[in-house]
Amino acid sequence: MHSVDELIKLALKEDIGSGDITTDAIVSPDLEGIGDVIAKDDFIVAGLDVARNVFDHLDPQVLFSSTFKDGDRVKNGRIVFSVRGKLASILKAERTALNFIQRLSGIATLTRTYVDRLKDSNVRIVDTRKTTPGWRGIEKYAVKIGGGYNHRMGLYDGVLIKDNHIAACGGVRIAVNTARKQIHHLVKIEVEVTDMVELAEALSAGADVIMLDNMTPDQIRQAVKKINSTALVEVSGGVNLDNLHRLAETGVDFISVGALTHSAKSVDMSMKIQNH
Amino acid sequence: MHSVDELIKLALKEDIGSGDITTDAIVSPDLEGIGDVIAKDDFIVAGLDVARNVFDHLDPQVLFSSTFKDGDRVKNGRIVFSVRGKLASILKAERTALNFIQRLSGIATLTRTYVDRLKDSNVRIVDTRKTTPGWRGIEKYAVKIGGGYNHRMGLYDGVLIKDNHIAACGGVRIAVNTARKQIHHLVKIEVEVTDMVELAEALSAGADVIMLDNMTPDQIRQAVKKINSTALVEVSGGVNLDNLHRLAETGVDFISVGALTHSAKSVDMSMKIQNH
Amino acid sequence: MHSVDELIKLALKEDIGSGDITTDAIVSPDLEGIGDVIAKDDFIVAGLDVARNVFDHLDPQVLFSSTFKDGDRVKNGRIVFSVRGKLASILKAERTALNFIQRLSGIATLTRTYVDRLKDSNVRIVDTRKTTPGWRGIEKYAVKIGGGYNHRMGLYDGVLIKDNHIAACGGVRIAVNTARKQIHHLVKIEVEVTDMVELAEALSAGADVIMLDNMTPDQIRQAVKKINSTALVEVSGGVNLDNLHRLAETGVDFISVGALTHSAKSVDMSMKIQNH
Amino acid sequence: MHSVDELIKLALKEDIGSGDITTDAIVSPDLEGIGDVIAKDDFIVAGLDVARNVFDHLDPQVLFSSTFKDGDRVKNGRIVFSVRGKLASILKAERTALNFIQRLSGIATLTRTYVDRLKDSNVRIVDTRKTTPGWRGIEKYAVKIGGGYNHRMGLYDGVLIKDNHIAACGGVRIAVNTARKQIHHLVKIEVEVTDMVELAEALSAGADVIMLDNMTPDQIRQAVKKINSTALVEVSGGVNLDNLHRLAETGVDFISVGALTHSAKSVDMSMKIQNH
Amino acid sequence: MHSVDELIKLALKEDIGSGDITTDAIVSPDLEGIGDVIAKDDFIVAGLDVARNVFDHLDPQVLFSSTFKDGDRVKNGRIVFSVRGKLASILKAERTALNFIQRLSGIATLTRTYVDRLKDSNVRIVDTRKTTPGWRGIEKYAVKIGGGYNHRMGLYDGVLIKDNHIAACGGVRIAVNTARKQIHHLVKIEVEVTDMVELAEALSAGADVIMLDNMTPDQIRQAVKKINSTALVEVSGGVNLDNLHRLAETGVDFISVGALTHSAKSVDMSMKIQNH
Amino acid sequence: MHSVDELIKLALKEDIGSGDITTDAIVSPDLEGIGDVIAKDDFIVAGLDVARNVFDHLDPQVLFSSTFKDGDRVKNGRIVFSVRGKLASILKAERTALNFIQRLSGIATLTRTYVDRLKDSNVRIVDTRKTTPGWRGIEKYAVKIGGGYNHRMGLYDGVLIKDNHIAACGGVRIAVNTARKQIHHLVKIEVEVTDMVELAEALSAGADVIMLDNMTPDQIRQAVKKINSTALVEVSGGVNLDNLHRLAETGVDFISVGALTHSAKSVDMSMKIQNH
């Protein structure tokens, strides 16, 4: 998960800038201690390694330990992790580390809620590209920790032909055929369709995956029947905890949920320092 | 707002990586068109310049226009902004631009809700350092657009002595005095207190601003009386839309609300392309 | 092709460093002129945009023009491209620009030789990851310009399970199944096999693509028969212009050729300056 | 040789990008093992430190060992180097490390062939600026490992007045005199000449080094006689293994060979993994 | 003080570039030794950690030791610090390390001279933003080591309304009021005034700090009386060692001295190597 | 002079950081005006292009004009340069631009003083590597503007064998011979000597340039006689305006003066804004 380094640097720079004037003024640079981060909520923890990296960037001498691993359920009041070392370093990195782990745990917790609703089903909950800019990799990681599956990482590792592409290139068939010629042979082609006409065209063009966009459960059921296992099927648009079960029962393979990343709330934690 | 450049580069890199294989395969590089971004919600818009910059980073030839300016209320169904230029460029930047403006507008909209509740009061709603790592500057900007006020930007431009600092350095008085000697003369000193004893000590040490942490309205009222305008007063911790009014009536100067940035949901928008 | 920017900067920095002391000393900074780059060989040109970018990085005022486009056959003695502007800028960028276009044209020319040998076949010549470090994107671009096809760009956009992976994880079946669970649903799985036993296992595990590594034409023919269109087939290892035709006749879909990028020679060009 | 760091980062980024999806999916992160890199050719090895650095960048815990040092002759079948550590790290860095060392060894091997032809002569084989962009430092290093000598590193550390400079500034004499005034007193001035008239002018202007460009052995012999040790003499242009000996016998000091870097082929190696 | 890293990298790059050709040619890479840096002047030392960092950047194996700490007075002839390790590393970093510590010690020494003149006074000597571009943080650190105090670090952490701002916005009162509304509540507002009229306006607008610009001692005394402790008072402009005492006697709180950083001379040191 | 870009970015970042809170609060972003920079001293101006670049980095719309060019003598009270554009941009870049041009003009002015003392001599005043870290290129430029000459730019473009090198490698002769074998043929070899024995050894080893370190005029005269034009001669160490003439009369070619860069004071300028 070392691709988060650049974001951690940006985050420490924006918070510390030319220096933590409070800590530098009043906390002796030699003072050592322990900081315990306490859960103020029940949640699925995600981002322990990111938090560890934040402290490590600031001061490699700070020791980080936790009885949890990403994906564990943490109860309100438990110590999520502890850091031991120079108090000045701990205080400077505290807020940035917490801001990371609180948000990532929020995403994992929300994902787990969705996943648990479909416990007895083979349908996969997948994420989208509606992630926080700069956070793509770690937010998709948090979704996996929560029990979800990832969709493509970005525009570079999967072909998804959407309405705007079709409009721009003149039809589903030509879009699929052109893509097949240009892209390398390890990438599948997914096509977004909104009705049965587009679906028929996508299937006959040989799409590997069909995305059914904003359809009703009845329309979806009809589409699944028509596809008849010749392509994988993904449902997208307007998914929430209320309609999730009904969508899953239609026989699709994947349900993608933008809210996992664009509308998760941070979970609550706070740090308590003990001097040595 | 050019400090957001580094984040925009990171965001485009993580989404596009080695190339948008769908668009590169099927959309002619010469094709031009217009993309209209439609509101799917009512919201306060924030981040128009950030969205413009995203397109500009990818292709400076794309023209961006909007009838709105940051802070305007946008109704569901309205065109938030339009871009005109190479369709390939528009399609590559679309998701990143929307991810930015949807989140920033979410923050501005939530902030406006808080601010509107205190319409007839002089109390200021202020943000915290509980921002999304990498987004400090633009999230605080969105808070201002929503009608809120900023607290310090980071650890470098304001002294806030919290419980952990006091524990680390041995008392409020020594903390304030040491800070006064070390920091330059244009920075005020704020002290976080949790009870009347700490408050008394902070006041006698000459704190410029007092933060009352997690107190009840009655305790706050008592504290305000004791402070008696010798310092500015900020309330923090556990603030929500329900208790906001009661907190504001206690006579404090500032109420800080972490939720503005750590728990805002993105507002909904989507882009529609027209070929030329 | 803007991902080459970082490499261009590195290249200009390593050549110019603290300054072109010859040009700075003896060529007046106001002097303008034209530089014509002459072909000293017959070749397929590739990298005109890269060359243009090199001049553009150094001095955006330099005008670049060419009667050719990438993929054209250029005869010995023809002007490949011309630049017009400050002579000092032209002289400083000359070597770097030529080093790029000479190598990229070398790759395109070699690829074209391979492709022309299979003119009447549907077999695709594909490249490998044996590219010059730092040059992945532009070398794969040059292969396409030469008429070849790209394999995956890197480790991030395609699954290729090789002997070392299988050794590390305990068998073909477990490797394919685990990959299927972990990777997103737009990526295919390719498995490298060296004999019929491995092939059988890979097919039964549901591999999407089979790579036949270092097999004889007879073995390949047998494997193709066994695969029977249930997976795509790639041949790899020891391919050269002599055995190319025999390999293509076996019925495979792709032949991958490392030599396209790791053993292409630069084509020859040189610049001639005219003062104004 | 730490200037290669930037190139190594670029190379790992372009190959691994958002992650090695094959290895991450199927190789346990805790699994350790050994990778042996086997020579598939006879060659002069160069770039062991670069290869070591590639593994080190990816995972500093990987141990690298070799019984060879740069410049040694390695026989087909020998283990060039071994790495020991996490298999996942070894597999991710393998291709990049090999791409570096195979190319650098190719350059050293080709250089050694040239150098061995002149074993009984004092003439030095020198490289040129016709190097792979981004690779200047390490390719020139490989030339030295092969027994060649370096010409200037770039435009910044030596004055070489070529035909285009002379055309731009109005004559050899003025070029040399102006350079002498502008450059610092530790840099020599080399002038490229194509005939006896230019040679006479360069000598009378006091050039420290003369480059004879594309002359026949007879012309070169005549020029050497005229120069009569008042300047060092370099031969350049159209040098190959066939005419090398004849050029060396003319009495020149240096023969520069662009092919050493622009047309060397990679030597062949491959890695074999053993699990623990 | 780790913000100096970028400057150290820039400095090593500009001095070493593609390599220290003298040391690389004639000093064996295995040779170890000690370098003693000898004071050639009496001075206050500042920048020992910066010098240590320079060696550390180049070669983390070099050991750095000193019997002094920043702020100590060093006598001519004493060993300021010693380094032990590879001689090649020591020789390459020597000049850069000395260039840093000689300049920083020059600033500390000059500051100490100013501070010593006001030994019996409570007036603080403060620095300005007239620092060497790139050196802001370390020059302000050297001023503190010399016994001075820092003014704001930059434009981001303090409001100082100067004549040009007032001209641009239409008056002192509106400037102060607007600033009060825009800036966060931990930042004070300082106003530069040049006469009694401006002073009156600044005071009535509620400025927290007044800067008296280029006033005579008599004018300053009159201003101090008028301010009457309702704001802090800073004197600026034309301060030197001759008029320092007279300015301090006027009753102001701070005297700012640009010369501390823009006109300090380097102190003299040189390194002596001993082989092992 | 574009190599100064990195330093300019560093300088703007350290001064502006997260924003110029004064200007952003009280100066309307649309307000335009002119800033005139007035000389408060007589000096030789240097760094007009650097100052222009500072404004250009911040806001490319700011127009920069000057009636002077680098090297001109500017009288107290004259307008050095003017900028026209957004006042906010002008105010944010002002201090950084002035800090650059004031220091560079200080160096040019001091150099001119040295150069003018030797007006009737052929001896060249040259600089040293005792420059401000990060400023090597522009400080050496300022020396040239003042009429001085440059020594080598850094460790990479000239061989200077000093006492520490000789100690490390075992003697002058072996040092010169080894260097001659390792370095490319366009670089001269300079040797630092402190007495006649070392001088004899350096001459017999074939040094191209001799540096006489810390010798008296009589010793220098004796050395020059001995060298007898077989090498160039540089004097170094303890040079000042008082002994400059005596040193120049000894017949040496170069006198190097560290004080030009390590002890120059900034000249005085200030900006005056006019609103439109």
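When the chains are written out, they are named A, B, C, D, E and F in that same order, and each has its own residue count from 1.
To be clear about the criterion, a contact is a pair of C-beta atoms (placed from the backbone, for glycine too) under 8 Å apart; a residue touches a chain by one contact, two chains touch by 3 or more.
Please read all numbers here as calculations on a predicted model, not as lab measurements.
S.K.: Could you tell me which chains are in contact with chain C and with chain E alike?
M.R.: Per touch definition, common to chain C and chain E: A, B, D, F.
S.K.: Using each chain's Cα centroid, which is most distant from the centroid of chain E?
M.R.: C
S.K.: Shared numbers divided by all numbers used: is that above or below half for chain D and chain F, i.e. same or different?
M.R.: Copies use mostly the same positions to touch.
S.K.: Taking the mean of the CA coordinates per chain, how far is chain A from chain E in Å?
M.R.: The computed centroid separation for chain A versus chain E comes out at 46 Å.
S.K.: I'd like to verify one number: the distance from the centre of chain C to the centre of chain D, where each centre is the average of its C-alpha atoms, in whole angstrom.
M.R.: Averaging C-alpha atoms per chain gives centres 22 Å apart.
S.K.: Two-or-more-chain contact residues of chain A, please, as numbers and ranges.
M.R.: 14, 17-19, 136-137, 153-154, 156-160, 187
S.K.: Should the pattern of chain-chain touching be classed as line, ring, star, complete or other?
M.R.: Contact pattern: complete, every chain touching every other.
S.K.: So in the complex, the part of chain B that touches chain A is made up of which residues?
M.R.: By the definition above, chain B touches chain A via 6-8, 10-11, 14-28, 31, 33, 35, 87, 91-92, 94-96, 98-100, 102-103, 129-137, 153-161, 164-165, 167-169, 174-175, 178-179, 181-183, 187, 262-263, 265-266, 271-275.
S.K.: Along chain A, where are the residues that touch chain E in the complex?
M.R.: So the residues of chain A in touch with chain E come to 17-19.
S.K.: Which positions of chain C touch chain A when the two form their complex?
M.R.: 126, 149-153, 156-160, 184-190, 208-209, 232, 234, 253-254
S.K.: Applying the document's contact rule, which stretches of chain A touch chain D when the two form their complex?
M.R.: Per the touch definition, chain A meets chain D at residues 3, 136-137, 153-154, 156-157.
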